[in-house]
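The block underneath contains the structure these notes are about, expressed in structure tokens.
Labels A, B, C and D are assigned to the chains in the order they are written; within every chain, residues are numbered from 1.
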Amino acid sequence: MTAERSIVPTGSPPASAHRVAELTPDLLLTEEHQMCPGCGEPLALRVLLDTLSQLGVAQRTVAVMGIGCYTSFSGTMDLDLVQALHGRAPSVATGVKRMLPDRVVFTMQGDGDMVNEGLQEVVHTAARGESVTAVLLNNGVFGETGGHMTATSVIGQRTKNTLEGRDAEYHGHPIRIGDLLATLDGSAYVARGSVHNAGAVARTKRMVRRAFESQLRGEGFSFVEILTMCPTGWFVPTAEGPGYMDDTLGQVHTMGELKARPGGGPSDHASGALAPEARPGGGPSDHASGALAPEARPGGGPEGGVGR
Amino acid sequence: MTRRLMEGSEAMAEAAVASGCRFFAGYPMTPFTELLEHLARRLPEVGGVCINAESELEAVGMAWGALATGARAATGSTGQGLSLMQESFSEITLAELPLVVFNMARGQSDYFQATRGGGHGDYRHIVLAPMDIAEAVELTQLAFHLADRWRNPVLVYGDYLLAHTAEAVDVSPMTFAPLPPKDWAVDGSLGGTSRSRTVSSLGVGKVNRPGGGIPAHFEAVVPKQAAITAEEVRVETGFLDDAQHVVVAFGTPAKFVRYVVGQLRAEGVHVGFVRPISLWPFPYEAVAAAAEGVRSVMVFEINGGQMVDDVRIGVQGKAPVVSIGGISTDGSGFGVGPLLDVEVIRGRVEAVVSGQEVPA
Amino acid sequence: MTTVLTRGTVTIDVEGCKGCELCIPACPPRVLTMSAEVNGLGFRYPQLHAGCTGCRACLDMCPDFVFEVYKYDTPVELEVEQ
Amino acid sequence: MERELLLTGVGGQGVQLAAQVIGRAAAIDGRSVMVFGLYSGMMRGGSSDSTVVVADGPIQAPPIVSHSWSAIVMHHKYWAPMVPKLRPGAVVLLNSSLFEGDIDRQALQVFDVPVTDMAADLGNPMGAAMVMLGAYAGVTGLVRVEAAVQGMRESLPPYRQQHAAANERAIRAGAQAVEQLATPAWETAGADA
């Protein structure tokens, strides 16, 4: 059918129409980047930058960037910015915020940066209730080095150094960083969204907005984890990225608001605010319990043997 | 002038405050701890911030962030803690941020760490080694000035004696030459203007105003080292004119050596001293001049032999270089041991002067 | 031939597309298809058909920022082959 | 001119505080001063040594002194290692209430002051070191007694200021118990500044 259907010209804007969404977020100096096809990080970037624009805080914002694929956004984001070392962005952001307490300060880190290399930094920054917003782009893989296991890789996930899939007994268990940070008294707002479909993008945008609003109210540490597609690092076709994300990462790192201060105003999610998103075909716990089933634990069955 | 009795830690903290330092982050470790204590008390009194960082890694990262806003900021530890900070020191140097680092060291075995660094890449820190509290007050203030002047980290090398000795000192702000404005610092105000700023060690600017990238950045940062070497050598010498023997020492042990040399001179022994105040840049020329025509160049340092390498570079084979220092510590490991004794040092100098073996 | 009521449209920066296809299932009215031809980078790219609502789902799901979304001031009837 | 003072005692006797007070008093008198304390981790019972150097110009001596002009001996427990660090004829103030053991009274100018008993008589048993530093100030004039009193007040943290009056009585009692300026530290009392 497609071959026959008439194609609408899309080379230039039509007459008698108004633009409802711009090509490039206001705070991007160029739409060009070197991310792979199907990467979810630019989607998260748009969410972040659009939110800053809409909040009207771009001219009092400092970004602190970690090291990963997304580091290249340092050169394209039209924001005052400090480039940090791998893992260290929360501490650098702490120094920035303490010297510029009336500015909006956020970090952008990947899961390798935040949950592997810099785990204690984000934990302590959250525990101190540092008034910064940490944004985690979590794709469960070291994308920049070419697809290696991180601390958030899920059980069964194939990476270049877990060729048979991540095995809990041999490689350990993934860390649900959002859940961990939500337990700390210093964290005011914690949420986990994703960019694997347009609805998720819209929900994630509300989370990012609420995180920054929490910072503007001075409530403490705010955190938004955004699950992003990495088809290159997952070794799946680009078009299958969203589905793979939902079936793997999304089942362990379940989406939803994990924590919000009572005074933070009503949630856009209404009743579902503090609960994982409902999903068709069974709740996330089904899959999680499958991944962490008793028989898969050490000594629980023949599959558990890895020669240790 | 009002002088007040202060331990070195307090005096250095006061000197940092007098220098305009308004941010400090650190993690307790003897003998650095009291410096942190004093800054934790003093900085809030002057509108600054002192954070009890959860680790040295975090302390240096916090200072990095504060520096990026243009604030005068510092961190510190003992050498062990500084070992943890080395990655950040490298990158902060390449980011051209004016960090001041205090190493309240356990003895002098951090000479290599201070002057060569344990980090990656082509980076150097200016290293200043005071011998007593009065000099520490001056060099701390100089450190903040030089860091800004060169946009390069400066390390102040102290030790247990410096931290815990008290002297009556006056900590008044010193006056230095004017510095250029910190137009590179971020304040968050330029987002969305196409003129936003990036503080980065990678030499990467914005796409509309790209930096030269990593190669060009290194080419721009590294040549500063030659300029610093040309302009920032600091050294004290004494009794060199007719010296037949020279002793080289730095930091608080140099005060012992200077005292011994003074005693021996009073007794007619032709001995002089060279005291490097800047360990990097090292006073190679002063050492070379001192080595001219002497029978020996002795090196007294409280370690297994580190600065002796630089002395040999300076001497260039013109005289025998003899190490008369050594490892010296008490049970605590804080670097105050039996070698820090005027009589012991005198004995070792006299042994060399008289052509005997140096006692092991 | 028949016509389809079309409220919106998009512009597509074809040369910026990396051919990931994330926009295709993202489009609620299913009016995007991948081209048979390739762009200058060698990637297939999306093409628009009648029936766009101007909802911006394609834009939100495009990692390469190739879409701009418009709404007609007055909805138009676009012809479609049966 | 530089004058050195070594102090020794057991932790808890107030040796470190006495050294601090003398240091502050010397600064009040306008002299250069250096104080270095070494004490074991135990707050009480371990060794507690301190070094004070006072000078009328910049101090040349390093903080660990090998040849001292004087000593304060609050207890004999850690006294022996200090003996070789005293110059011939050094001034030694001895806490005769507690001191047991040998001391070479030919080589050293020893002043016996029963400071622990005196402090107890004053109703301030913890003030023995204050009595001793008053006695030392009286015998040597290294610091003026009035400067010692002021230095003591500056050395006490706010939460210990209630001890200031008793400490002042202790310092003055010590100073009055000895022959004034029996072995003067300076040719004239007080420096120019």
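In this text, a residue touches a chain if its C-beta (ideal position, glycine included) is under 8 Å from a C-beta of that chain, and two chains touch if they have at least 3 such contacts.
The structure displayed is predicted, hence computed values, not measured ones.
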Contact-graph distance - origin chain B, target chain C: 2
Chain pair showing more contacts of the two, A-C and B-D: A-C
Chain at maximum distance from chain D, centres defined as averaged CA atoms: C
Averaged-CA centre spacing for the pair chain C and chain A, given as whole angstrom: 27
Computed distance of Cα centres, chain D from chain B, in Å: 34
Intercentroid distance (Cα basis), chain B paired with chain A, Å: 42
Inter-chain centre distance, chain A versus chain D - centres from mean C-alpha coordinates, in Å: 66
Category of the chain touch graph - line, ring, star, complete, other: line
Chain pairs in mutual contact under the definition given at the outset: A-B, A-C, B-D
Contact footprint of chain D on chain B as seen in their complex: 3-5, 132-134, 161, 164-168, 252-253, 255-256, 258-259, 262, 336, 340-343
Sites on chain A touched by chain B in the complex: 26-27, 29-30, 32, 52-53, 58-62, 64, 74-85, 88, 90-100, 103-105, 120-121, 124
Contact footprint of chain C on chain A as seen in their complex: 2-8, 10-14, 16-25, 28, 31-33, 35-43, 46, 195, 197-198, 201-202, 229, 231, 238-239, 241-242
Of all residues in chain B, those that touch chain A in their complex: 22-23, 25, 49, 51, 53-55, 57-69, 71, 73, 87-88, 91, 95, 186-194, 196-202, 204-208, 210
Residues of chain D touching chain B in the complex: 20, 23-24, 26-27, 31-38, 58-67
